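Please go over the structures that come below.
Each of the two complexes below includes chain A, the first together with chain B, the second together with chain C.
On to the complex of A and B.
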C-alpha cells in the first residue's frame, strides 16, 4: 500500500464538489431512512437495513470517488493524472490495493455517518410520535457493512480500471442490479447463498459463471446456517482476489493510454 | 505484442496471481462438490401431518399452528419448496422458534389434484400462492401469512405473527363470549408491548368490555384511563387515526351517546365502520348496565348490517345476541377467516 496515494485519495474525497453532492444525498437519505425506521413494520426495517449496510451505498460511493471517469478527469483542477503517477516508481499493484483500501475505509465511514444520522432522525421523529424507532444495528449489520465495503470496492476498482466506455456501461448495469436486489428486501443475500443448497437444480458451470458476479456476503446466513456454507465464503474471498488481480493486469496493459485521460 | 517485464512497476505480484488461481480452483471444487456430492441436511423442523380445522376449540392461548403450504405440481414450485426446506427451515434461529413456539404442519398440495383436506385448509386459510407459511390459532382462525423467502424476513414474520396471535386470540374469545380467555389474551398482549408505546384503542376497549362482563369494573376503568394517558401526547397526522378514542371516552362516561354519534360522523371513513363500532360500544354498555331490551335492539341493528358483517363490531354483536338466547347462524362468518377492527 502506498501512503502518498492513500493520503492524496483521502484528500480528494473531501473536495468541495464531493462534499456538496454527498451532503445533499446524505440529508435526503437520512430523512428517508429516519422516517422509515419509525414505521413499525419488518419490511421497512429490512429495507433500511438493506439500504444502509447492503451493497448499494458501497457501489455508488466507491465508484464516485475511485473511478477515473468521475474522479480523475482533467476537468477537476486536482485531477489524479495516472500518466504522472506512473512516471514514478509506483507499482500498479500498489496503486490498485491502495485505492481498494482507501475506498473501503471511505465507504465504511459514509455508512457509519449515514447510519448514525438516520438513527438520530428516527429517534427525534419517534419522540414526536411516541413510538419506538426500529433497531437495525447489531453484530450482523456491522459485519455485513465491512464485508460489503471490501467486496464491492474491489469490484469497483476492477470496473474503474477498464476503458471508460466499457466501465460506465458495466457500472450502470451493476448499479441497476444492486438497486433492484436492495429493494427486493432480503433477496440479495438469499441469492448469494442459494448456491450451496439448490445446487442440484442448477448446473455447476452456471453457478461458476454466476458466482463471478456475486460480491456480497450475508453474515446472518453464514452464522445461522445449520452447516457452514463453505462455497459462499470461498466465492467471496476468490472474487476479491480476482477483481484486484484483473484490475492490476488491465492497468498494466493500459499504461500507454493514460495520457488520454 | 505488449509484454510485462519482471521487476517493472507494472508487474502483477506472483503471490497475488497464485492466491487468485488457488482461490478460483477452490471455488470450482466447492461448487462441484455442492452440485454432485453434497447431501441436503435432514429436515430439522418436526413437521406434523395436517388435520381438519377444529373450530370448536376454546384453548386459544395454547400454541398456534404454523401451516407450511407447498405445491409440487410443477418444477418452479418444487425449486421454491427446496429453497424453503434447505435455507429457511435449516436456519437455526428459525428452527428453534418453530419448534419452541408453534405447532408446525406441512400441507402438500398437488395443483388441481390436491386431496380434499389440503384443498379445504388452503381455502380456509386463504392461501393464494405457494410455497407460503400461515400462522393460525388452534381453532383455525387466521393470524398472518407470508410468502417471503428471506430468512431474516421470515424471523420478523414469526415474531410479528406470534404477537398478533395473542391479540387475535382475545378477539376470537370475544366472539365465543369467553370473557376469561379474552381478559387473559388482552392482558398478555398489553404486557408484551413496551410501556411507553402507543396503546391499541380497539384491544383496550374490548378488553374493558370483557373485564366488565367478568365483574371487574375497577380494572376496566383503569385500562381505559391508562390507554388515554399513554396516547394523549402522540401526534396524529391523520385525524382518522384517533378513532376509536371517542368510544373510550364514552365507556368512561365522559361523553354522552349523542356526543359519541356526533364524533363518529366527523370521521372520513364513517360509512365503513365508525358508526357501527360506536353503536356496538353503546349497546354493550347498555347490556352491562342491565338495560337488556334496549341493548338487544341496538345489537340487532349492528348484527344485521350487511356492510360491516366481517368487522369485529358486527361479529361481537352477534356473539352477544347468541349469548342472550337469540339465533344468529355462525357458519357464514366462520367460513371467512378475515376480520377487521
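On to the complex of A and C.
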C-alpha cells in the first residue's frame, strides 16, 4: 500500500466541497432512516438494515468517491493526474490496492456515521412521539457492513479502472445483471416449492453467478455456522483478488499520456 | 592500477543515461506511425534537447521513455534498466506539457504529496526542500493558494517545483517554458543551469530554440517520427555559415547554386544581403570560400552563425518543399 496515495485520497474525500455535498445527502438519508426506525415493523427494520449495511450503499458510496479518482487521468479537473503519479516509484498494483483500501475504509466510515446519526435521529423522533426506536445494530449488521465494504469496493475499483466511457457502460450492465439474477434466484426459489429438481438447479446456478457479481458473504452463516464456512470465504476472497488483479491488468495496459490525444 | 585509471574504467562501465534502439510506436493498429525506428543515446549529465516540428513525435518519444506509453517495437534503457523499473522511477522527474494538477490542493500540499510519492518525505531536509523548491520557481508567496486559482504560467512553475522536489537524476521536461512570461523563462533557464551543474541528465522538448542553444549540450532533430540529426550544440554552431555580399551585389542564383554544389554544402537561405550555408563539418569552410571566389562571387565577410538551430528548421522546411516539388514533377512526367 502506498502511504502518500492513501493519505491524500482520504484528504480529498474529506475536502469541504465533498463534505458539503455528502452532508446534504447524508442528512436526507439519516432523517429518512430515522423516521423508518420509529415504525414498529419487521419490514421497515429489514429495509433500513439492508440500506445501511447492504451492498447497495457500498456500491453507491465507493463508486461516487473512487470513480473520478481512478477512471480519469488528466482530463478531469478534480481527478488525479495519473501520468504524473505513474512517473513516480509506484506500481499499478500498489495503486489499485491503496485505492481499494482507502475506498473500503471510507465506505465503512460512511456506514458507521450514517448508522449512528440514523439511530440518534430515530431516538429524538421517538422521544417526540413517545415511541421506542428499533435497534438494528448487532453482530450480523457489523459483519455485513465489513464484508460488503471490502467486497463491493474491490468490484468498483475494477469497474472504475476502465476508461470512463467504458466504465459507465459496464456499471449499467452490472446493475442490470444483478437485477436479472435477483429476479432469477427469487423466482426460482419461489417455484422450487412445486418444481423441485429444475428450479433448484436454476437457483444454485443463479446463486453462483450472484456470488461473482455481488462480492459478499452471508453474515448469518459466518456467525452461526458450526464450522467456519470455508467455501464461502474462499469465494469471497478469491473474488476480491480477481477484481483487484483485473483492475491492475487494466491499469497496466492503459496508456496514461497526452500524446496523440 | 592507479586511481585515475580505475575511475576512468569505472566511468567507461557506467551505462549511458538513455539508450533507445529501433523504437516503433504506432496508433490505430499500425495505421499511424508516431515513431519509426528511432535510435537515441543520451549520456549521463547531458542536457539534451528534442527538437522538431509539431507532430514530429517528440512527446510520444518522451512518453515511451517514461514508460507511460507502450512501444510496438524497439528497446529503451534508462541507466541500463527498463524505463518502468522502480529504481528508474525513483530517480526520474517529469514535467508534463499540460499541467492540470490536483486542483483542490495548494502548492505546498501538492509538493508534499509528490515528495512522499518520490520517497523523499523521510529526508532530514524534507521541509526545507519544499521551501527551496517553491523559492526556485518563485511561488513561495502563493504557496497556500488553491491550485485551481493558478494561471497557466504558475502551473508550469509548480510543475517544475514538483520535478525539483524528487531530487531526480534524470528529468524529462515537455515544453517547460510553455505559457511562461520572460521572467519565467529566465527562471526555467536558471533551473536547467542548476541541473547541469549538479550533473542531472535533462531531456527537454521545446520549440524555444534560442533557450535550448543557451542551456543544452546536445540535441536531436526529429521529424515525421524519424531521428534526423543527433549532435552537440557546439557542432551545429560551427556548421552554419553566413556569407554577406559585397556592396549589396546579390549573385546570380544559378552561379551560387553551382558554387555550393562544387563544395558539397547546402544552401539554407538567400536574401539580398547574405546567404546561409550548412556545412558538413568545420573543415569545409575553406572549400566554401575557395568555391565562392572561383565562381566570382564577391563577399564582404563570411562567419559562423550562432543561430544554428532555427536554421536547421528552415533547412528541414526547404527540403520538405523541394521533396514536394520533386514529387509533383514526377507526377507530371
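General remarks:
The rule is simple: the second predicted complex is superposed on the first by the 194 of 261 C-alpha atoms of A that agree within 3 Å, B and C clash if a C-alpha of one lies under 4 Å from a C-alpha of the other, contacts with A are read in each partner's own complex, and residues count from 1 in each chain.
By our rule, a contact is a pair of C-beta atoms (placed from the backbone, for glycine too) under 8 Å apart; a residue touches a chain by one contact, two chains touch by 3 or more.
This is a predicted model, so every value here is computed, not measured.
By the touch criterion defined above, A:14 lies against neither chain B nor chain C after alignment on the C-alpha atoms of chain A. In the superposition on chain A, contact of A:91 is made with both chain B and chain C. In the superposition on chain A, A:183 makes contact with neither chain B nor chain C.
In the superposition on chain A, A:238 makes contact with chain B only, not with chain C. Once chain A of one complex is fitted onto chain A of the other, the partner contacts of A:3 are limited to chain C, with no touch recorded for chain B.
Partner contacting the larger number of chain A residues, of chain B and chain C: B.
In the superposition on chain A, A:124 makes contact with neither chain B nor chain C. By the touch criterion defined above, A:24 reaches neither chain B nor chain C.
When the two complexes are laid over each other on chain A, chain A has residues 86, 89-91, 253, 255 in contact with both chain B and chain C. Residues of chain B touching chain A in their complex: 2, 4, 9-13, 16-17, 19-20, 23-24, 26-28, 30-32, 34-36, 38, 40-41, 44, 79, 82-83, 86-87, 90-95, 148-153, 156-157, 159-160, 194, 196-198, 230-231, 233-235. Residue ranges on chain A touching chain C, taken from their complex, read 2-5, 7-8, 11-12, 15, 17, 74-75, 77-78, 80-81, 83-91, 253, 255-260. Residues 42-43, 45-46, 86, 89-93, 128-132, 185-187, 189-190, 193-204, 207-208, 211, 220-221, 224-227, 230-231, 234-235, 237-238, 241-242, 244-245, 248-249, 251-253, 255 of chain A are the ones that touch chain B when the two sit in their complex. The residues of chain C lying in touch with chain A in their complex are 27, 32, 34, 59-60, 62-63, 66, 68-70, 86, 89-90, 92-94, 96-105, 109, 113-114, 116-119, 121, 148, 162, 166, 172.
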